[in-house]
Amino acid sequence: MLQETGSGRFCGREHTLPLRIYCEDTDFSGVVYHGNYVRYLERGRSDFVRELGVGLSVLLALEQPATFMVSRLDMRFLRPARIDDRLEVRTRAELASGARLMFRQTITRGDELLLEAVSENVCIKLDGRPRRLPQMMVERLAPYLAESLPSERREDFAVAPVVEGEMTGAA
Amino acid sequence: MLQETGSGRFCGREHTLPLRIYCEDTDFSGVVYHGNYVRYLERGRSDFVRELGVGLSVLLALEQPATFMVSRLDMRFLRPARIDDRLEVRTRAELASGARLMFRQTITRGDELLLEAVSENVCIKLDGRPRRLPQMMVERLAPYLAESLPSERREDFAVAPVVEGEMTGAA
Amino acid sequence: MLQETGSGRFCGREHTLPLRIYCEDTDFSGVVYHGNYVRYLERGRSDFVRELGVGLSVLLALEQPATFMVSRLDMRFLRPARIDDRLEVRTRAELASGARLMFRQTITRGDELLLEAVSENVCIKLDGRPRRLPQMMVERLAPYLAESLPSERREDFAVAPVVEGEMTGAA
Amino acid sequence: MLQETGSGRFCGREHTLPLRIYCEDTDFSGVVYHGNYVRYLERGRSDFVRELGVGLSVLLALEQPATFMVSRLDMRFLRPARIDDRLEVRTRAELASGARLMFRQTITRGDELLLEAVSENVCIKLDGRPRRLPQMMVERLAPYLAESLPSERREDFAVAPVVEGEMTGAA
C-alpha cells in the first residue's frame, strides 16, 4: 500500500522513530557496532519521507522513477548503546534543492544524546544519474525544512564542534 | 595466534586490503548498500593495526586491556560498487595522539575512486573510559603517520571539498 | 529497565512481532536478502522471552549469568519480501528441557506465509558451557509450551514437508 | 570481468574459501553472531559457481537472465568463532536437477568443525518464477556433483544426527 504511513511520528518539524537494540546490533565489545547506526539513520530518513507520502515505493512508482543515493554522511558517536536499549532516531530535513536533500539527525536514549549525524542524499534516476527532486516531494517537504538555510556548503556538514582534548584529557 | 599478520599489505605508509562484493553487500537499488562501506573501512583499519602487530586480539591481551571506539566518521560516496566487484580499501594513519587515532581511507575499484573517509578512533578501557594509546602501539604506528599533521582539529575532517552544484547541475 | 516488556504481543501461546522492511534488508535481486530473516527470527525470540520477563538483560543479571547460543536453525523460504513491506514474526516455544529451548516460527505478510523455521537454542554460562535453563525461565515458559511434545528428536526439525518437484516442475 | 575466478580454490570436488572474522561479525556475547554464518555460506556458494565460470554476473548476462533464491537452509552450530579468527568455508554441490541446486557446506577453523549446513537453491527468472538451471551451468557443475545422490528428499536435509542429550547432559 503505497500511501501507508511510517512507524514513527512528527512533532513539529522533527520526526521520531523508536527502535529496539537486538543481539544482531551489538559487537564483541558489548555495545552496538558503530556501522549499525548507519542503518538506524536510514530507517529514520525512510520513515520521514514515507510519512510524507513520498517513500521509496512511491518514488519508484512515479512515471519517471526516482530513488536516492547517500552522497555524504558525517557521524559523531558520543555514547554507546547496549542490548535491549530502546532508542529514538530524530530526523529533520535541512535542505531540499536541485537533486539534493540534506538531513540532520540524532539518536537518543531517553535524555541522552548518543549520536549526531548530517547526511546529503542525491535523487537519482534508475540508471544512477542525478535528477531534480520530484516536484511532489519538494512540495511535501517544504513545511519541514529549516527556515534559515546554511549559506555555505561546508557548514552543512558541521556536526557539533569537538572541544579539543575532551576525549584525550581523561586518558 | 596473536602476532598473525593481516590479509592486506603495505606500500609505503598506505595499507591496501582487497575485498569482494557479495550478494549480502548489495541492496534493492542494485548497488552496494551505503551502510556496508562502514564495515569495509573497519576491516581496513583492523588489518592495518593487525599487520603492525597491534590488532584487537593483542590489545585485549595487554595487562591493561584496551580496545577502540569510533568517535567520528565522515564519508563521501562518489561512485557505486556492484555485485562481484573487487575493491580495495586503502588506509593511512594520520594522527596518533593521547587517546586518539585518526585514519584517512579511500575505497577504490581499479583506478576509480568510490569513497573517501576520515575517522577518529578513541582508545578505551574495557569499562568504556578513554585511555592513552598503548606505548607499544604508538611506537609501531610512528613510521606510518603523516609527516605534517593538520594544525586545526576541524580540518581533520575535511574530506575533499565538494564543488557546489556538481551534483545538482546534472538534474 | 530489566522488566520492560517487548514490542510484540501474545495471542494465546503465539507471540507476534511486527517489523518493517528497509533498504538495509534487501539485496540486488530486489527482495529481502535471505540471511536477514535470521535476524528477524532472533528479534521474535528475543521479544518472546522479554515479554515473559526473562529477556537477555535479565538472564545476564542473574546471580549465575546465563545467555543463549543457537545450536540449530532450519528455515524454509516460501515467498520473498520487498522494500517497505510490513511483516510479522510469529513465535511459539515448543520445548524447554535441560539446557534446550526450541521454537517454531513463521514470518508472514498479511495472509501470506513467507518463511517457516525451527530453531534449537542452548542455554550457556558466560564461559560458553551449557547449563540448565534458569528455573524462573522454565516456570514462565511452561504455559506457552506445546502440549504434546514431539517424541523423536529428528522430527523436531521437520518444517513442513517439501512436495517433490513442486519447485522444479514449473521450469 | 565476467569470467573472473573466485577467491577460493577447489581441492577435488570441494571448494574452500578462506575468510577473516572482523568486529562487524561478532555480537555482545563475544562470539560471531549466528546470523552472520548465513553470509559466509553464501560467499562460499558464490565463489564456488564463480570459479566454474557461472557466477551471478554471468547468469544475469545470459540471453535469458537467471538468478537464484535460497529455498531451504538447515544449519547446525557446533562451536563459536571469535574476533580475528581465520575460518574456511568448504562447499560441495550435491545435486543439480531441474531448477534445484543443493549444497552441503561446513565452516572450519583449522581442524575444528564449527558449522554444518545444507541448502537448497532454486534458479529463477528475474520475475521470480522458477526456471531450469542453465544448460551451461549443469555441464560445468556435473564433475563436481556427488556420485550417489540421496534417494529421498527428506534425507537431503539431514545434517549430522544430533546425539540426544549431548548438549543437555553437561548442565
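Letters A, B, C and D mark the chains in the order given here, with residues in each chain numbered from 1 onward.
Methods note: a contact is a pair of C-beta atoms (placed from the backbone, for glycine too) under 8 Å apart; a residue touches a chain by one contact, two chains touch by 3 or more.
Fair warning: this is a prediction, and the values are worked out from it, not measured in the lab.
Novice: Work out which chains are contact partners of both chain A and chain D.
Specialist: B, C
Novice: Given that chain B and chain C are copies and touch, would you call their interface same or different according to whether over half of its residue numbers are shared?
Specialist: same
Novice: Please flag the chain sitting at the greatest distance from chain A, going by CA centroids.
Specialist: D
Novice: Using Cα averages as centroids, what's the distance between chain B and chain D in whole Å?
Specialist: Between these chains, centre-to-centre, one finds 30 Å.
Novice: Counting in whole Å, what is the centre-to-centre distance of chain B and chain C, each centre being its mean C-alpha position?
Specialist: The computed centroid separation for chain B versus chain C comes out at 36 Å.
Novice: When the C-alpha atoms of chain A and chain B are each averaged to a single point, how far apart are the two points in Å?
Specialist: Measuring from centre to centre gives 22 Å for this pair.
Novice: If a residue has to touch 2 or more other chains to count, which residues of chain A qualify?
Specialist: Answer for chain A, listing residues that touch two or more other chains: 23-24, 29, 31, 35, 39, 42, 83.
Novice: In the complex of these two chains, what residues of chain C are touching chain B?
Specialist: Touch residues, chain C against chain B: 23-24, 26-31, 33, 35, 82-83.
Novice: Which bits of chain C are touching chain A when the two form their complex?
Specialist: 4, 7, 20, 22-24, 39, 42-43, 46-47, 50, 55-57, 83-84, 86
Novice: Mind listing the chain D positions that touch chain C in their complex?
Specialist: 29, 31, 34-36, 38-39, 42, 67, 69-78, 80, 97-100, 122-123, 128-132, 153-154, 157-158, 161-162, 164-165, 167-171
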